[in-house]
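You will see two complexes here that share chain A, one where it goes with chain B and one where it goes with chain C.
Let's look at the complex of A and B:
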């Protein structure tokens, strides 16, 4: 029986060469449903480590991330075979990808542009000259025995990623934080291994071998799972906005490894462990927090932390050692002899008469950068008067911003009303039934029509909620149809309403007496009765006005 | 850096420890005294580079450094040759290459034949 290596599998192979063998099993398969049903990551306390025991110092955790993002391109980094998520095994493999002798790497222009765009969006310095190197290690899914990467001089360095952490009583405050970016480099992805334990063999599919990756290395400025998760989410949004990577963790387009250590503030940094096999943002936060706590517990009990690689087992919620006794890996880096340095230009250094296909102009790329999430959020706040927290929610939920903007386009209602309905009612229904925006039974047009009816005072707010509930049933009716069918229109006929109020007052003389005696709350009872009689079709404010008028007369 | 650690004594002898390390890293079996002797001669040959005075000279990054790196357009022009590629494989299962399971551990160091070079 064949299965993908990944979640829940205990690492059992020993290593060939000395050291922690590089294992990059891609997370495959979909994220399990339970992730979406749970409360958001943001509800964890902000970076609280275990309370120190009496007489002990506080602990501080240090987290560094290495993020690999698959570049969104038609063909691979150094060859012309296709980049595609699923295809028959070994059908997207060129001779170069299979490492046949006599083949040479040819750099894909689109991948370089993607790296420059990402570097610019992350405030990096773009190196006008960068170099390619070979990183050697043996694994069946790396046919060449080395990976082409950029170790000496990567394409971008010294950037920053700003993200917003939710805090405050109701997670409604957004605190901006920044993590420094050490570097961004271009490198090749490896193939995929399918382990068949029954027959003691590994099946190799090289479709993914040679796909372009952007490795983004973050400085260890993060201190807990929540910060890491939020930073990675922001990076995901940026990459998606740029179009440089689809950054879908479930499909292995975004992979994160975490380096974690703990120490007492003021003392030197502790021994770090590397945690791999993190294939969702949720697990990322859990794994990091678990590991921090594990290290603290270990040290407080007099143990020591080994510099090792650990794997996160999501069912058990813990990290386990990928036991490694043979010392550090030696990758024997050497310059890639088949590739000259990668030279980039800007407006001032662009050589005259150069073939535009053969030169990359950093300034030109900078000018064509699309709107980044942070700018989008600012714009939403300015344009629609919403709170910053709302803009975060709109961007964080896949497809929600587009939904919101489509409603805005089609409705006359005030933006604040739209914001409220989309973030509260619409999103509430989605979350309750664990649906994505794309699975919503209510279309932007339908919601826009509903909000128009509300805005034109054709229906009351309560009626609107009823209509929304009906729309959710997916019976194909428009809001207008539901309103007429259920007769939810606001009573326009003031005369009829006055009559109703009159008869209600006659039917409940006690309440009227209470009112006349000076009990102000009695009027609410009357209003309630009238509303019920009108099946919520009357505007409560109007009912109140009529009643008060009658009472005073 | 890329230069391997020079033999500490500078005498050109390669220790058994270094040989074992290299064998594991490169999966190369030195196997014999002659092979090690050849290695030592090769290192001595390369060491003569040190005789060149390189003070104040910027090292080259690559012998190709004056060349232009050609940029290919992002078009799909290759692939779809699974049958051809799989012919190279000793064993194949349904269009997958077959490899031994994971990484096979080398015999433990103390289980190995004592290395002939002393």
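Let's look at the complex of A and C:
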């Protein structure tokens, strides 16, 4: 590790969260009073700030995001070093990454393709010519003293991202929303500084230095934490579907900075703050909502908002001024002289006889785009007749869609049944135990077999639940084995069941009396008693039919 | 043997007249004798002898790698050399040993060349005298030549000889002195605004700046990325072409090298006839500061072409007068950026101060860089400030385009090569030179050379004749982009006509009498 000792360091440490919060990052309904949406008009902000008190203006929040997504590639943006998370410190550092004098950047084709792909998926205009710039600042984990980025002419501009926000009484209604994308630029990641306050030293790890990033800049079209969180989640799904980024926030592959201001609608925008250090979607929503409320409180109490950078403190749940910059930084942008303009082609501009290794064809990349999440959801709704919000849940949980599709493939059960089991029972168990789909003790095949047994009426729903619980214990038994061991098959013997009903009626004359007096609901009690006696193996419908027949006779 | 050209000594090696080890040892011994010139910062004796041994084996086995096999060369100390200290004549990089070879260095080694050492320069190649590096100034071998000394004896005003030595020009003065004093047969310089051509002119050598993009910059510690090119210093044009042949070509490690196939190797035909040639004389290069001697040689050279049947045209490069200011803005801006990496963290000098990161950066950079470098960083950062960027950097870029277009227009009007002076005058004594500061000197000395860098064109300085003081004067030929071979072909013809005299350093090398074997006399003298 490179190290140097310094006492009065003035940098703050960007914490990398080692926790597993990324799995639970589906936006949760906020509890603050102003966030609930009342309006479902498409272009109106879903979350209109606080309920205005009488004689008071409403506040509206304006939120824009800058999202850095680490490109999923074998090597770095401008060097041949490998890209790998949690490799030993400084083990993935080329001479260029360490900025040894005389080294030059060489653009990684894969990173360009990833940028084009992402741009296309986000409805961007792809610039056939884009440029690289140097952005200068001194920082220990930026070895060259500048970052190569695309400030003047980025690779993609003017796109849009459509996402769905849940609304309605049970959050079961999905309202489509759109946020405009200003630009997508290719740039280098920095290294990592690890501050050891005890020894008053800073350790530098350059493994991350020079990894390709896509900076996605969203226009300030968002108005609350939930919108921001949902938009980021959608972007995350898109990047993962494209394979252009693993977009795992906990591993720092997706990092979000939020620009936040509040104003009264119809009046000029307020002074904005930038909130950094948002390393999970849940914290993103929390931080934004906190910051909006803080700004409103500040302004209502006669204070003013400073144009500053704030950091979200996830333990305290609040944002705090970073005070890391003394005055404004001037990045002294300059064209990167070592990289010629990045020129892309399409089918019409592709020069005849061009070496395919030396050119990138936008149209060719367009053809290879995989199915995007929004299309997948539509397909699920169409194909399996599920509700739109179910399709959202299926996509939001990592691996859940694949699990669902594998079950569907192997079972005869109705898709609706499968949807219900996967989303209610299966997901319920997972959530209860805080497990990822990949950690599930129940395989898709096992669930499929279970649903087949249910579908063929071999077992009752109640028995099926019991089998599922057994499966969850991970004892290696198949649903069929469990059913036969526990004798959970439905009672097929009508005579025996009739006998059981008869004795049950005799044992409970009071209930029979009630029934005859005209209380039809009393029959449920009898049904329950019979079921209990059969250990839930009998079909309740059949019990009811037998009982009714006997009562009327 | 030492006084011969690269081509001649290459032939001698092939014929077995001398072995690479013998040649290497002769050069090493001369390097020691001429140590006072301060041409070398590092002499890589062991490396060179080992390479010579390997080369010798190849010759014995009849497996020579080509014209450069066994040829002693030197490399300016701003090219990265694996395992050999690379300082840029700066405290900042003192003790820095790169883990890799610059592409051009690697190519020379791959061709069997022997690396004699790393040559002196102005700190980070910022200067035009080779006087502003931490290892002290380079002395021009011509200061000790018979030609110069005899002239000085005739001059009753001449002062103490020892303190009156001449500068080499720069910033590749170490490379120029190394070739000029016969310690090697070719040397790499770098050329950002004239740093190869200027010392070549002052040291009586051929100094060639290839087209931008023809030769890889990977491993060359940058001054101005968009103008830097590795330069070649040799004793004759054919030698420059041989070295260019070894160096030219695309490099996957340098994205600014061009991929178009280039005619290789750069064999130069001997022009029998120049009647189809059109030589342009840019009128804006005739400026009052130009010494009368240089002006006169320039016009004689033009006359020579005309008398041999070439068409000689006066052309206009109308934006020439803005060039040096424009160069200053662009150069310092890139310098400010390129120097940002020297922060004392990864490599190079680091101060003892550890109060804070910023304090450590500041002290490291204050201690590591000289005033010239710091001055350029300061002005460059000023030009790049948000409030100044449009007014300085962007404007300078626009002017740069106009300057490049001037050349395009001249060439489009039918001109094949341009002929200009390389420098305002011959080399001046050190004590004279340091009367002006580095910035003033650079502005004066780069006047005829830097526009070429802004346009990315190939240019070569050819020694023409000795001045009244017995010092070399060079003229510059400028060619079309990537027409390096054509440019050198014209230069070769001209070189043959002028028969520039060989430096006479017998007192320096009393036991290296071989130098006299090859003495040439001027058959067509352009001298006044």
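One rule holds in what follows: the second predicted complex is superposed on the first by the 496 of 553 C-alpha atoms of A that agree within 3 Å, B and C clash if a C-alpha of one lies under 4 Å from a C-alpha of the other, contacts with A are read in each partner's own complex, and residues count from 1 in each chain.
Methods note: contacts are C-beta pairs under 8 Å (C-beta built on N, C-alpha and C of every residue); 3 or more make two chains touch, one makes a residue touch a chain.
This is a predicted model, so every value here is computed, not measured.
> Which partner chains sit in contact with A:428 here, chain B, chain C, both or neither? Use first/second/both/neither.
A:428: touches no partner chain.
> Under the stated touch criterion, name the partner, chain B or chain C, that contacts more residues in chain A.
Counting residues of chain A touched by each partner, the higher count goes to B.
> Taking the superposition on A as described, I'd like to know which of chain B and chain C A:144 touches: first, second, both or neither.
The answer is second: A:144 touches chain C but not chain B.
> Where does A:110 make contact in the superposed view: on chain B (first), on chain C (second), on both, or on neither?
First partner only.
> Report for A:303: first if it touches chain B alone, second if chain C alone, otherwise both or neither.
Neither chain B nor chain C is touched by A:303.
> Just chain B (first), just chain C (second), both, or neither: which does A:99 touch?
In the superposition, A:99 touches chain C alone.
> Would you sort A:370 into first (chain B), second (chain C), both or neither based on which partner it touches?
It touches nothing on chain B or chain C.
> Classify the contacts of A:204 with the two partner chains as first (chain B alone), second (chain C alone), both, or neither.
A:204: touches chain B and chain C.
> With both complexes overlaid on chain A, does A:399 touch chain B (first), chain C (second), both or neither?
After superposing on A, A:399 lies clear of both chain B and chain C.
> Where does A:340 make contact in the superposed view: on chain B (first), on chain C (second), on both, or on neither?
In the superposed model, A:340 contacts both chain B and chain C.
> Which chain A residues lie in the overlap of the chain B contact set and the chain C contact set?
Comparing the two interfaces on chain A, one with chain B and one with chain C, the shared residues are 95, 98, 100, 106-107, 136, 138, 140, 202, 204, 330, 332-334, 337-340, 358.
> Mind listing the chain A positions that touch chain B in their complex?
12-18, 21, 73-75, 79-82, 88-96, 98, 100, 106-112, 131, 136, 138-140, 152-153, 193-197, 200-206, 330, 332-335, 337-343, 357-358, 360
> Would you pull the chain C residues touching chain A in the complex into a rising list?
Touch residues, chain C against chain A: 79-80, 86, 88, 93, 96, 98-100, 102, 217-222, 224-226, 252-256, 259, 333-334, 336-337, 339-343, 345-347, 350, 354-358, 360-361, 381, 384-386, 389, 393.
> What residues on chain B touch chain A, complex-wise?
2, 21, 24-27, 61-82, 85-86, 88, 91, 93-106
> Which residues of chain A touch chain C once you look at their complex with the stated criterion?
2, 4-11, 95, 98-107, 134, 136, 138, 140, 143-146, 202, 204, 330, 332-334, 337-340, 358
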